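Labels A, B, C and D are assigned to the chains in the order they are written; within every chain, residues are numbered from 1.
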């Protein structure tokens, strides 16, 4: 693939733009949504799905069936990981930890042809598996991570089993920076380092934001890179809106160590109009009267790709 | 006190020796005990009680009453913090987090005249407050920390209240290195740094040991100093058996930051005979036939002070 | 059910700030959900007594313990699930065991949150009720929220309290009283005991049941622990049939508390428990979810049919007549999820 | 009580290793309590399938989930308190919710540990029983420990199991069967339902009670969830009086399960629950603690006196005749605390 570098980067950038556009439209339609997460993580998700991950073809239908039941009930809904390909250790797996990023994930699946765009019509509706905060019946969601800081440990368990058995498939995880406030995140990295899990790559969407506002005003986390290194990982910080930088960081991992890529991002990339909101109204965006149109107008995302 | 440096150091060293001797005698008498914790932490505890802490006089009797009830029941047992002085923010407080170190603490209280040596006769007996793993009715135990990794957060809460109100009293905490495997420890330091709690000092007994054996074989923790710094603390590593080094590290704290002092120690200091035990028989020492005598014979602690 | 006045906007937010203004020792601690759990007014008015601990609930609860040990009265307001689950052990050992005056407030409990299974505290009452020293409340309306502060102030030990959020209906005129149930209707054939967001659903079903001539006593519980009001066994003994209705698993909460009363006192009564029946849940609007899990008029009438001969026999329980119209009991809004 | 054979040394340790040898997919995960929770034999024999996760229980449980998602059958052996409390939310969301074949083993439950309040799991059965999808067992003797492996193997979902440690008595000859109680004595006047370390205490008291001519059915429970054996309601209905005896809070465990059966089935029976009565506990030897908290002959006879006219009326309950001699039911040893 190295020889087609330009091809994949422009494809990834197109996917990233598409993620933002879809997330914006969903937020408008549903009078609120997890929009800034799509804005900050679009390039990370696009790079993972377009370039980095060796996922098998989706084993789930492009149009998901309605919710039928939780695991343990009968019939239970299909497992969300199926949209990321067959559950077989030869293939890579993707664990989205902060599942309030699910909107961005659904958009990614649509943009990478794993989910039909029609599926988004069911988004957030009663009885739909496309929950706003996804569970593991939601397309692409493998671990029910809505209570933050937990899914990375599950990914460590998977990577540990695969490492031990010598399986090919790599484990990719996206965590949010807010999750680094949870001690469990550090327990997880500590154990990943102890077991030398170089088949595990953790992308951190360092948008420096959380519910109450900028992290530095809520609970500062300092240098995540320095922390990850102190916890035994191979870590690097990159521009999280630069698809090549993300991909390069992922491919230059150190043998014998889990890889942590701190992706420095902004919560309003693509929508400069989001910047003016008050601190507590960024994490979950609800538009005031006329605001959505204003934000759309100030975005280049729509001109750029529409003919 | 600076002018009496030699006085306090030799006093502290005498206390440290006494802690080890008492812990050894209790282990012999009770056919097992938390001995290595006394061996590794003796100088830390001695330096805290002899030199560093500004504790008021004990407000509890030298001979504790038997257990009468847990908090919330009536009558409840006296609070263990009373042996560390009155619960008044003008005075310092001491939080022993890993309360399987209680034997060492009881010995410290005896050696510093806060507890009568007679009290140790009740140690570990049914109905006694001198539990092997202390609760907050046990002399000197302020927080019921036997489930590890939690008491530091309580200390942070105290320091936060005092900082806010401008109280004099400093908060001192002893944690074990095993506790740094718990994510909550990092949550606690993160918050202590966020609030600039320079009225909080955390001593880590880095004996590099835990129940199953050496930490590096159970779950390595790497450089605790580097981690604490990455988490926003002012941290330093010292020889944990050198009372002057411990005291110097405590008094050279940085304003605006919590202080973490990583005390590098050994689990068998004072009893070289403990070194031969298998990995899983060090954390809780139970003597084989004749072993206690052999270990006593190879220790300098007894000759040194007995006439 | 019939409300007794207009809904009230964010009654907790204002009452909490007022309580803080009157009590210097009160401090507010949040886990990055300050506005979402209505601690924002307190923070605006009393910024010096508001602590942002970030998303690190285990440490947060330890900090509460430390603040209380320094003589303060700390409140932790969050979503019920984050108030109780992640820091469960810390609450047990650092708050409940030392019997400290720490106030744990849980918003959007059970299936009143649209956040899906990870956000649905279906077990919080069970977790907190089993802890020695803990007082456990579930406030059902604006009057409860406005009038329970005297109880809080007088409580030497820890408190866990489910609180309704946002637009909150006014169901009661009488103020909150600790360990006192309210009787909304009386009758000798059936006892219905309901709590919190389930109260309105119970009222709707009872109206239908009473229309058939059935005598129904409706007791509303706001205090789950202690659970000593003698009106409960008295009414159960009289009717011999009881239905509990709760926005919670049917184990560990109200249904279990009533079962224990029946068994300990040897009451000759049969119980049906309406609530979440030993299953995990999923996301959706509260109306949809209360219907899906049968905590609604149909579910209650179905339970009644098992206890009483043919109540509303001809009624189609899935028909539109029995679809209860939600008055928006705390949490139907997804604001600040 | 009468044992049916000599005590067995560390039956779990050996049976676990044997199960691992027979099942490639079985792996062992520990939190620095490998020998203390009898996973040392497995580790010695199967080092490649033994993972040391250190003292970080929340991550550990997430790792269990990941291992199970890769097709393995992970066991987490620890002290009951560390098995269930610190990682409660992780068990709920990453093990119970996805219904994975994860085996959670809790040693030294309740007051069988000398480690004091922080080590005493008095709430573990409550925590685990309220979780949907979870199977909950308490093994009482060596036969249970040796014979429950078929049940484990057949279980598609998660399991929590209290296990006796060290020198374990043999109380039963019949093998373990899921959701089946054992009847140790029969009689129509009183039903005693006991579980785990409380079984021997119950047997001692029942012997005295029967000596007065009282007819007592003694049912031993090993499966707390599911709780469907019809022998339980049948016997309760017959006697109209029931005492539960457990090494646990009287809420959320066996006592509550029996109360729910009584109330749901309308059995018209009176229940007394012997166990830890809504209080935190303290440290000491098991004999001392079972006596202190009344989970012993005196406590059970006191409960019987409330239900039956004058059983053993002249007997001094604090006298030496009723002091039950502990056969050392799992945990009286402080080895490797």
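In this section, a residue touches a chain if its C-beta (ideal position, glycine included) is under 8 Å from a C-beta of that chain, and two chains touch if they have at least 3 such contacts.
Predicted model only: the values in this text are computed from it and were never measured.
Excluding chain C leaves the other chains joined by touching in one piece.
With steps allowed only between chains in touch, the distance from chain A over to chain B comes to 1.
Distance between chain centres (mean CA atoms), chain A to chain C: 35 Å. Between chain C and chain D, the centres computed from C-alpha atoms are 31 Å apart. We define each chain's centre as the mean of its Cα atoms; on that basis chain A and chain D are separated by 43 Å. Counting partner chains per residue, chain C has residues 53-54, 56, 58-59, 85-86, 89, 93, 97, 117-118, 132-133, 279-280 touching two or more of them. For chain A, the set of residues that touch two or more other chains comprises 70-72, 144, 147, 181-184, 187, 190-191, 194, 219.
Because contacts link each chain to all the remaining chains, their graph is best described as complete. In the complex of the two chains, the chain C residues touching chain B come out as 48, 51, 53-54, 56, 58-72, 74, 89-90, 93-94, 97-99, 132-133, 157. Listing the residues of chain C that touch chain A in their complex gives 30, 32-36, 40, 52-56, 58-59, 81-82, 85-86, 114-119, 279-285, 288, 334-337.
Looking at the complex, you find that chain D touches chain C at residues 85-86, 88-89, 92-93, 96-97, 117-118, 123, 126-127, 129-133, 240, 249, 251-252, 255-256, 258-260, 262-266, 268-273, 278-280.
Partner chain A is touched in their complex by these residues of chain B: 181-187, 190-191, 193-194, 219-223, 226-227, 229-232. Chain contact summary for the complex, chain A toward chain C: residues 32, 67, 70-73, 99-100, 126-127, 131-135, 137, 144-149, 178-179, 181-183, 210-212, 215, 217-219, 280, 284, 286.
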